[in-house]
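Just below sit the structures, each encoded as structure tokens.
Two complexes come next, and they have one chain in common, chain A, joined by chain B in the first and chain C in the second.
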Partner chain A sequence: MNRILPFITCLWLALLPARAEDLFSLGTAAYRAGDYVQAAQAFQKLADAHPSSGVLQNLGNAEWQRGETGTAILAWERALWLDPFQEAAHNNLLYVRKVAQLDTPQLGWHEVISSWLPVNWWAWITGGSFWTAVLMASLPGILRWRRAPWQQGIAALALMVFLLSIPAHFGVDSRARLGFVLQKETPLRLSPTFDAQSLTRLTAGEPVHTVRARGDYLLVRTSRALGWVARTEVGFISPRP
Partner chain B sequence: MKIMPTLPRGSGRPFLVALLALCLASPAHSAHAAPAAPATTNAPAKLPEPETPRDFFNAGTRLLKDGKFKEAERMLDSALVAQVESLQPATLYNLGHVRFQMGVEDLKKGPQPKQTAAAASSALQGATSASRTAAEALATTDMQRLVGAYMNGRGARRELNSAIKAIRKALETCGNVLSKWQRASSDFKSAFELNPKDQEARHNADVVDRSIAALIDSIREMESLSNAMGDKKQDLGEKMKQLKGRIPEEDMPPGAAGDEEEQEEPPPEGDKGKEEGPAKDGKEMTLSPEQAGWLLDSFKLDKDRKLPMGDGTNEAEPDKKNRPTW
Partner chain C sequence: MRATISFCLLAILWALPLGAQNPNIPPDQLMGLMLSQPKIDVSFPIAVTATFDPPVIAPGGRATYRVTVGALEASIEWPAKLKNPGGLELRTGGRGQILVPGAGNLIPHTSFLYRTTPKSAGRFTIPAYDVQVYGQSVTIPAATLDVSAGAVTQPANPDVRIEISPTNLFVGQPVRAKIIFPGPIGGFAQGLSTVQFNGEGFVTDPNTVQQRIEMLPPEKPFQPARSAFIYEILLTPIASGRISVSAQGYSIGNRYTGPIVISGGGATPQVVGIQYTLLDSDPLDLDIRPLPASGQLRGFKGAVGTFTLDPPRISTNSVKVGDSLKLTVSVRGPVGAGRLVAPSPPRDKQWQIFSAPPDNLPIQFQHAQGFATFNYLLVPLTPEVKATPSIPFSYFDPATGRFVDLSIPPVPVTVTGDAAPAAMMTLREKAFLAEPVEVTLQLNDLAATRGIDATTLVPLQQQPWFPFAQAAPAIGFAALWFWDRRRRHLEAHPEILERRHARRALKQHWREARSVATNGDAATYARSVISALRAGCAPFFPATPRALVGSDMLKVLPETGANPARIELLRRLFNLADAAQYSEDAPELRELLARQTDYDAVLGELEEKLRA
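And now, the complex of A and B:
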């Protein structure tokens, strides 16, 4: 078994790109043929296996074409989460929100900062700047170098970048709790129960902030009210465990 | 059924105590009632305005006990909207009570479904009989019978219109009650879902569901009666038209000219319709002895029929002194 396992892993790794490529081709061909349901399915599978900004952008387009505003907005938001420089997704969101008369998510200043760069970059920036500052401050002492002004300058600069990146991390964390209503006419419940009284109906693609969870329900804050929605009725930018 | 008690500040597990058993309680459930009642004074002090969700819950529960259901619902809704997890099961439980009681109050105030249905059945029977009489009269050339059938039909139609109005009002009331009870049932079910140990909530949901089923039966019965009355009204109207066509102008009983308008309800125009019109100098109608005889005979035909039902507007006003003010 120990000898077979590496072989299976290698085979899987070799087949995976081909399969991903197939899915992409399938999705693109279906989209061009006007079969948006199949295109969305193919892009969704691909996005689940290899989430990337481009695939999510295509997924959003396919979902929008088949009339699923909520899932389309979620896909484009995920595309921007991975790559904020994706202009097509940004423009699509602006257009769809205008057409569907939907609110843009209200972001705090730290969330806005976090949206300037891809989420992974903030981890690299924070880690890199921290260790640069530590190394620049400690290496001359350890290696018995003469302290030069440029070393101290770099250390100070790295420390400053590190400190500035911390709010962005909080922004990333709170943006991860940002969800989007998937179906139209989703009831916002007064209590986390099946028979709950409906406070209002949410529109597909409406942004919601998660406050807490209870069982199969999430307490969410919308621009209109605070209430409960079923977990399955909301999609999140960052899939959480 | 019991009401969840008001919560003292800082009470850890509020749902283990119940304070008051309501009249709807089943014997099995009255055993759970009220271990301890809070100290009260005879003079009711004016309570401060509720600020916290707990205050709203307590205020709502107090108002529920006082029978002020509308205000109690508002208070309990405010407590629920605050999304305090520990308060929600008890709040939902009490909201179930409030909404069920609101429905009961509506039923008490409005026309009783069973009595309305019985009166409607009677009106329908009268209309059927009048329609049959009219058909029989139309088959003859006897003017006395024609006029008698016409008069009989006119009375039956008036009675039918009153019954239709009463049924509509009863259906409207039942619709309102149904929506309140459905909400109450959902509230009890939600309370049970949040706290599966709360068997009272489950029992109450069953009680409300049974009441809903009975109400729906009444609504269906009234709807079918309403449809039947509508058909009968149309049938009778056609026969009345035929009778009217057969009776010469000089033999026509008094008031026959206004029959066409009588069929349709006047459109509501606020107070305009209530104003008294200008006095008309009418010409006194003279009746021949024959015509008087026909009229009297036609009234005799109605002797077994009940008097037309009121549409509920003439009901005695409920005792305002005993009504809660809200």
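And now, the complex of A and C:
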């Protein structure tokens, strides 16, 4: 068994990318053939297993073509979450929000900064710059190098990058709580109960900011009002907001 | 003073009634119009009927369960689902309201339709049930449907059907939807009122309605032709995918609403007592494809169809710099040409181009004429131009599935006069640069690759392992710091290292001694023990180990030095070793092996001293 287990693991790892590529090709072919339901299923399965910017962009296209505006916008937002340099997803969001007359999420300055780079880059940048600054300040003493201006310069630069990257972390944290209404005509409730009075109806794809949670309901703030929605009615960029 | 106060009070008292008076409001014409309308009857008792139409059918036949309530639709709390008697499957059909002229008032009629197609014979009864109307309970009577193979099927109400051709469309492709309401064979066709299309994913344009009565060709040979009421409207799908369209309307006899064309021998019915019955059609499925994401041309404004362009016309062939001329062009198409949107005027450094207001024609007339007219006002800025600029325009041809360029071509024109003043040209240049470039938004195509991969969408800093990952470099840095501190300490106290090295050497020689003692090699044993003693004592003297003698050992080992037997033991060891090395007569060294335990005790004492 001890000999077979590594073999199975290696085989699984070898087959995994092939299966992912198969699903990607299947989804693309279904989309080209106009079968958007199957395309969306393939891209969704792939995105659940291995989220990637290209897969999420294609998932957004398929969902949009089958009329699921909320899911499409969520997919494109997730694509930009992983890769903000992806022009196609950005253009699609502009296009769809114009067509569906939807608001663009109002982001704070720290959230805007956090959207400049892929979300995971910030953690590496902050950690790397901090330890670079620490090591550049202390290593010459420990290793008995001759003190040189370039060492001080690198330490200062790294410290500056570290300080500048900290607001982006707050931005990442608050953007992770940004959600999008998945279904059209979603009721915004006055209280966190199923039979609560409906304050207004939210459009599919409308952005909401989570304020707090209570049971199966979330208190969300939209551009129009503050109210409760069911957890299942909102999709978040990060699945664990 | 009193007089002043009295005057002020008088003035206030005089002014108060003036402020309270209503202004002289002219009579509200809208209110007058509303008051002049017949009153809507909302009184009780309310007439309610519930029937199956027809009441007797053969298995597999179709019947309609129709409930009509004499009340406003908004006031009826209709149940979301009806009771299902004996497995009779009811499909929700149309629902609507009509106001029927009564004796000086309008009586509301609200109808709810359900369709059923029972497969098996039997007698199905929907029992009576209550609904809330105007806040009061009203009983819907029971209705019975007989399904029998042997029964004579009674004639149903005339059927309404919807025709749309083709059913494979593109988003934005207008198509004429036709509702056909045939009259009975040999009879007259009735009209439909309050016609409504049900479904999602499309829009209808009420300005394009056309009504007519015409003869339908016979469905079977030797069957007389039938007259039919035909209602046409322009339907445009706005969402891709499969959409379902159905239609409904009230039969109204010959009380047509709006203009109607009667042709082909059709005749209007001589209806005495009109029965307002809500009729609906079976749903029709349309397959709607999206426009291609790629290949879109400049000037595309959503025109889908096959269009042609008339030669453009200009208001004058000769124009002065700064004067305007009007460019008019007509675009013709089979369906929906009247709804075309004019392309945006292009940016041109030699022309100022404005979209001119469309012709002041009623919207119905624009649809009826079958073409759209685009007007532009053009102002030449320089006498160098010889023709009007080309205006980009394109449409999507559903037949070929491609975008087609239909740009408005240039028209030769003579421009006279001097060039526009330099100041104006500078302003124009600035405005030209400041004008936002029209960005045509469209859905981008699929990504060719999977792009940046991630194991999860949860950001790194929110993952549980991230704090531990951050601790790793901290631990490394702490280890480096402690190493540096230890190194500095050892540099300040070199004797620590010397003792460590001495103890290591002592152990090595001691091991050798034990090894050779096992073999009975006394000479080597003596040398190894002496080497071990010298190595162990060296850190206590500023000398190399080879220079040390037995007396030096005794200085280092106080316990041994205080023990005469041990002193003798060491002296004997060194003497025998020296004799073995320098004397011609080899001494007997085997006694050393016999005292191995004592020598081990001495070496043990030395090791302990080095460890301290």
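In this section, the second predicted complex is superposed on the first by the 235 of 241 C-alpha atoms of A that agree within 3 Å, B and C clash if a C-alpha of one lies under 4 Å from a C-alpha of the other, contacts with A are read in each partner's own complex, and residues count from 1 in each chain.
The rule is simple: a contact is a pair of C-beta atoms (placed from the backbone, for glycine too) under 8 Å apart; a residue touches a chain by one contact, two chains touch by 3 or more.
Keep in mind that this is a model prediction, so the values were computed, not measured.
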item: Clash or fit, chain B versus chain C on superposed chain A; value: clash
item: Touched partner set for A:219, first chain B, second chain C, both or neither; value: first
item: When both partners are placed on the shared chain, which of chain B and chain C touches more of chain A; value: C
item: First, second, both or neither for A:190, with chain B first and chain C second; value: first
item: Partner chain in contact with A:82 - chain B first, chain C second, else both or neither; value: second
item: Chain B versus chain C as contact partner of A:71, first or second or both or neither; value: neither
item: First, second, both or neither for A:210, with chain B first and chain C second; value: neither
item: Partner chain in contact with A:129 - chain B first, chain C second, else both or neither; value: neither
item: Clash-bearing segment of chain C, relative to chain B, as chosen among 39-47, 111-119 or 489-497; value: 39-47
item: Chain C residues within the chain A interface of the complex; value: 201, 239-241, 289-290, 441-462, 466, 469-470, 473, 477, 480-481, 483-484
item: Residue ranges of chain A touching chain B (in the complex, touch as defined); value: 190-197, 199, 214, 219, 226-227
item: Touch list for chain A against partner chain C, complex; value: 20, 24, 28, 31, 34, 36, 50-55, 57-58, 61, 64-67, 78-79, 81-83, 86-89, 91-92, 94-96, 98, 118-120, 122-124, 127, 131, 134-135, 138, 141-142, 169, 172-173, 176, 237-240
item: Chain B residues within the chain A interface of the complex; value: 80-81, 83, 85, 88, 92, 183, 185-187, 189-190, 193-194
